[in-house]
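Going in written order, the chains are labelled A, B, C and D, and every chain counts its residues from 1.
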Amino acid sequence: MESNNYNDPSVIGGCSVPVRVNRKSKPDPTVVDLRGIRIGSSDIVIIAGPCAVENNEQLSETVKAVKTAGAAMLRGGAFKPRSSPYNFQGLGEEGVRMMRDISRESGLPFVTEVMDTRQVGFVAEYADMLQIGSRNMHNYPLLKEVGMLRKPVLLKRGMMATIEEFLLSAEYILSQGNDQVVLCERGIRTFEPTTRNTLDLSAVPMLKHLSHLPVIVDPSHGTGHRWMVPAMAKAAVAAGCDGLIIEVHYKPEEALCDGHQSLSPEEFSKLMTDLGKVAHAVGREILLPQPSVL
Amino acid sequence: MESNNYNDPSVIGGCSVPVRVNRKSKPDPTVVDLRGIRIGSSDIVIIAGPCAVENNEQLSETVKAVKTAGAAMLRGGAFKPRSSPYNFQGLGEEGVRMMRDISRESGLPFVTEVMDTRQVGFVAEYADMLQIGSRNMHNYPLLKEVGMLRKPVLLKRGMMATIEEFLLSAEYILSQGNDQVVLCERGIRTFEPTTRNTLDLSAVPMLKHLSHLPVIVDPSHGTGHRWMVPAMAKAAVAAGCDGLIIEVHYKPEEALCDGHQSLSPEEFSKLMTDLGKVAHAVGREILLPQPSVL
Amino acid sequence: MESNNYNDPSVIGGCSVPVRVNRKSKPDPTVVDLRGIRIGSSDIVIIAGPCAVENNEQLSETVKAVKTAGAAMLRGGAFKPRSSPYNFQGLGEEGVRMMRDISRESGLPFVTEVMDTRQVGFVAEYADMLQIGSRNMHNYPLLKEVGMLRKPVLLKRGMMATIEEFLLSAEYILSQGNDQVVLCERGIRTFEPTTRNTLDLSAVPMLKHLSHLPVIVDPSHGTGHRWMVPAMAKAAVAAGCDGLIIEVHYKPEEALCDGHQSLSPEEFSKLMTDLGKVAHAVGREILLPQPSVL
Amino acid sequence: MESNNYNDPSVIGGCSVPVRVNRKSKPDPTVVDLRGIRIGSSDIVIIAGPCAVENNEQLSETVKAVKTAGAAMLRGGAFKPRSSPYNFQGLGEEGVRMMRDISRESGLPFVTEVMDTRQVGFVAEYADMLQIGSRNMHNYPLLKEVGMLRKPVLLKRGMMATIEEFLLSAEYILSQGNDQVVLCERGIRTFEPTTRNTLDLSAVPMLKHLSHLPVIVDPSHGTGHRWMVPAMAKAAVAAGCDGLIIEVHYKPEEALCDGHQSLSPEEFSKLMTDLGKVAHAVGREILLPQPSVL
């Protein structure tokens, strides 16, 4: 008879969880607070907005739509990591300022990506949360730099990163003293060509099992198809995530970046209603912006 | 400005869907009927039972538990594909007969795996549905053999099969005249070691988009960890699957095969309740066995 | 200071090598003998021929060319595993007979694929060596069936199989009493789309390190591009393989199957010359057919 | 009959090669010159040295050994990208200065890694060539920064980067005006656990086919096992690479980093002799340091 490893810890694949992110060293879940928006509590936080900041009209129309639909927080890229040097690279510092302005106007906090250690100081002045993108999950100088801030960090899983490596990258941030880290599953690279990435929803229960950090999911990059986003967003909530980050564009067909995976305002509004039902079914609620904010 | 492929069909990765399984050639969803248990309708079918048939006590106790909890159909392996020739290989024909007997007694139809063209005739006499396992998804003589039956077939995705290859294997069955095929996502192989496989839930909306065949999910093999099964089962329902196939063992710690991924009766019963809530949240219901059956 | 696992056996990735294929249980390399063609000795065996047997002219012209160029053995598929049921499926039994005839005429032994347990008896009567293809590496009934023969078996690595699983499949054959097994690396599936597969040449030293069985390489399926075959064939010899299996077609542009990865007679002849030089550089020789054979 | 794509360019997997790195825009191979050491010419350049600079004794003893054995150029890491924040992180600027000193003393040029845009100016003052490591292949600000230098850059393939993405990252450097780029295949991530990575030697002919840039191979990281390095180094030369970068340590068992994949001086010396034979077999030679250098 073969060995029955029913209770064998090695069935977690020999994953070695570093000390600061380890749930064993801090049994209570970490809650990351952004001006009252608490990620990691029982309420699920929806972050929405365009892939990239393009211009004032695009930004204000999109933000108006996602706020009306009930998003608690904004996203919008200014420094864009693009595979080709000839693609739109983002508006840079100007884009960060535009996000700050619309954030103040709407009352919703925002997250934006930082790609270079030299940008960290500037972006940290403006943004509520700094995103480390998938391509920079292994960029250790950048992780150390945001680790020295006292600002929340959204760390996306590298498209090729194991769960162990993902947690080690979070540990780089915590090891510098910053424990305000939110983990984001955004799809991994596999052999399958029909989707942009393979959204690994099993990472949600696994990360919550191994670590005390909040876990959110990006179904937009995770699939690459706008028509798949609702199904996978609902599945992510059912799997136990603490939030979602979703690309919305007021005119997806005119987007400078990732239009094919961005929801229209109508699609996003419909999805918010559906997400509320699934959240309720698993004993949670979608966080609605506070009255004082509205 | 880069090309914006918002409406470009090639964003489905150039996947070429063969004619008989293609949704375009048959817009209405296929419903596979097993003695009144209809897979592919609005109700979600839960198939449960042990990984392998071991003996009479194990089988009858497990079946009693899954029937009480509300499973609509049984699973149980008699011909077991094991990576090592030195592992328990299943009870063979005797196991198939035991499944037939417990199926009659309980009133629940059952599915069991077939691995060899020479077994097909025998198994087809006894089982309500024949399973082609992941390791045999590319076994074309076997696909043709079950294609010549007029019996439902449960086709599991190869652990490293693309969506296109999966649909081509289904096409092998349909091309022989048998259109009673249910597709099953059961996890793909990736670089990640913490889970047995990476359950690709995005395959659910993708397969439903491309094909008219019903799609079910196996969260037991898909994760390899019993504690992950509930989260991923709920996520699968939220993603739109038509059913689940779940390993349950009356004493998981004593199972001869896959005990670490089998639910106990109590865990399965709790999960059934939770699945009902998630199904309801997405506008569906869990199929309950018909009164006449009970 | 981190742990230094310089001498730690676990750096072989925890691979568990089964007993009969294990080099530790049989330190001397296994040599598989086919009518005097010895695979696994110091000489490197080149197996060449068409992907599929198509007709008499194609077969005789191709065999004439590969024999002239110095191939020691023939390949040619009669039962063809094709992803689509609508592709050419091979000539079946007639194709096997044609291979037998051309083999007698040319004096070169041949290998051909078997896909179904029911074909094994027939093919074993005609062929010098039975091939288990990549898609059937996990087909355990088929492995057991060829394991009961006393005929050489060419076992191709599954496109998704780990080294450990590959050795376990070989163990299935040896466990039935047949130790005349040759392992064949033929490319694995990765995320890279420019090649049909990713030829894993590191499998050559790894398999030779762990097992006593001979190891050959298929650079045709391993790359999917005829212009890449020479570079990868030479690399395989430099890496220490015991043989190569190469697709050659007298008119590649008219092939019914895999023409884009088949060498023309001129390309194959040039390659044979180049392979001789590389073999010599690593202290080996390309096996030339015996005078009595010519 | 199926389509026969014998001459179809799409068999290169739809890979879109950007303009500046494209062989079509510059048919002559690029030769990168480092103080007379020319990478990309008919001679093959061997770069050797420790994974990380540790101390004076380690460095001088290792350099003495690799120079004696015939290496044309040195490697040695000072800024080390480590998965864990608790592993040895390298000697930093002091390590770069030590490399510069030993390089002057030995007469051999050297390459060292740069991880942060803020380090580029400093490292460029000292090093002959800057390495962008695998984890930073997608670090576009860093690519642009070294693109503004007029110094050679060694760009390693990301561990899960496609050939197309690899060439796009090189294009980032060329687009800033720096065309002195050498590409390095160092293994990709697959499902196989017995090797640290899967060394993709088919990348060598593919990259040489698509681009005019020189291509070298790292068999140390590519395998993770010192005993596999010789076989894969020889295979890389047979596959057509323009150079190798090999980890050597005077006492591998005491290395602070990657000792299990570092060759001892004796092993490296033996390998150099063997590489000469393989290079000769494919019509090339191993570049020996110029007499004036010795």
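FYI, a contact is a pair of C-beta atoms (placed from the backbone, for glycine too) under 8 Å apart; a residue touches a chain by one contact, two chains touch by 3 or more.
The structure presented is a predicted model; accordingly, all values stated were derived computationally and were not measured.
Interface comparison, A-D versus A-B: the pair with the greater number of contacting C-beta pairs is A-B. The mean-CA centres of chain B and chain D are about 47 angstrom from one another, to the nearest whole unit.
Averaging C-alpha coordinates per chain places the centre of chain A 32 Å away from that of chain B. Centroids built from CA atoms put chain D at 34 Å from chain A. In chain B, the residues that touch at least two other chains are 14, 84, 86, 160, 189-191, 193. In terms of which chains touch, the assembly is arranged so that all chains touch all other chains.
Interface residues of chain A facing chain C in the complex, by the touch rule stated above, are 14, 189-191, 193.
Chain B meets chain C in the complex at residues 18, 81-86, 115-118, 135-136, 138-142, 144, 158-160, 165, 168, 171-172, 175, 189. The residues of chain B lying in touch with chain A in their complex are 1-2, 4-8, 11-15, 84, 86-88, 160, 162-164, 188, 190-195, 198-202, 204-206, 209, 222-225, 227-228, 231-232, 234-240, 252-257, 259-260, 274, 277-278, 280-282.
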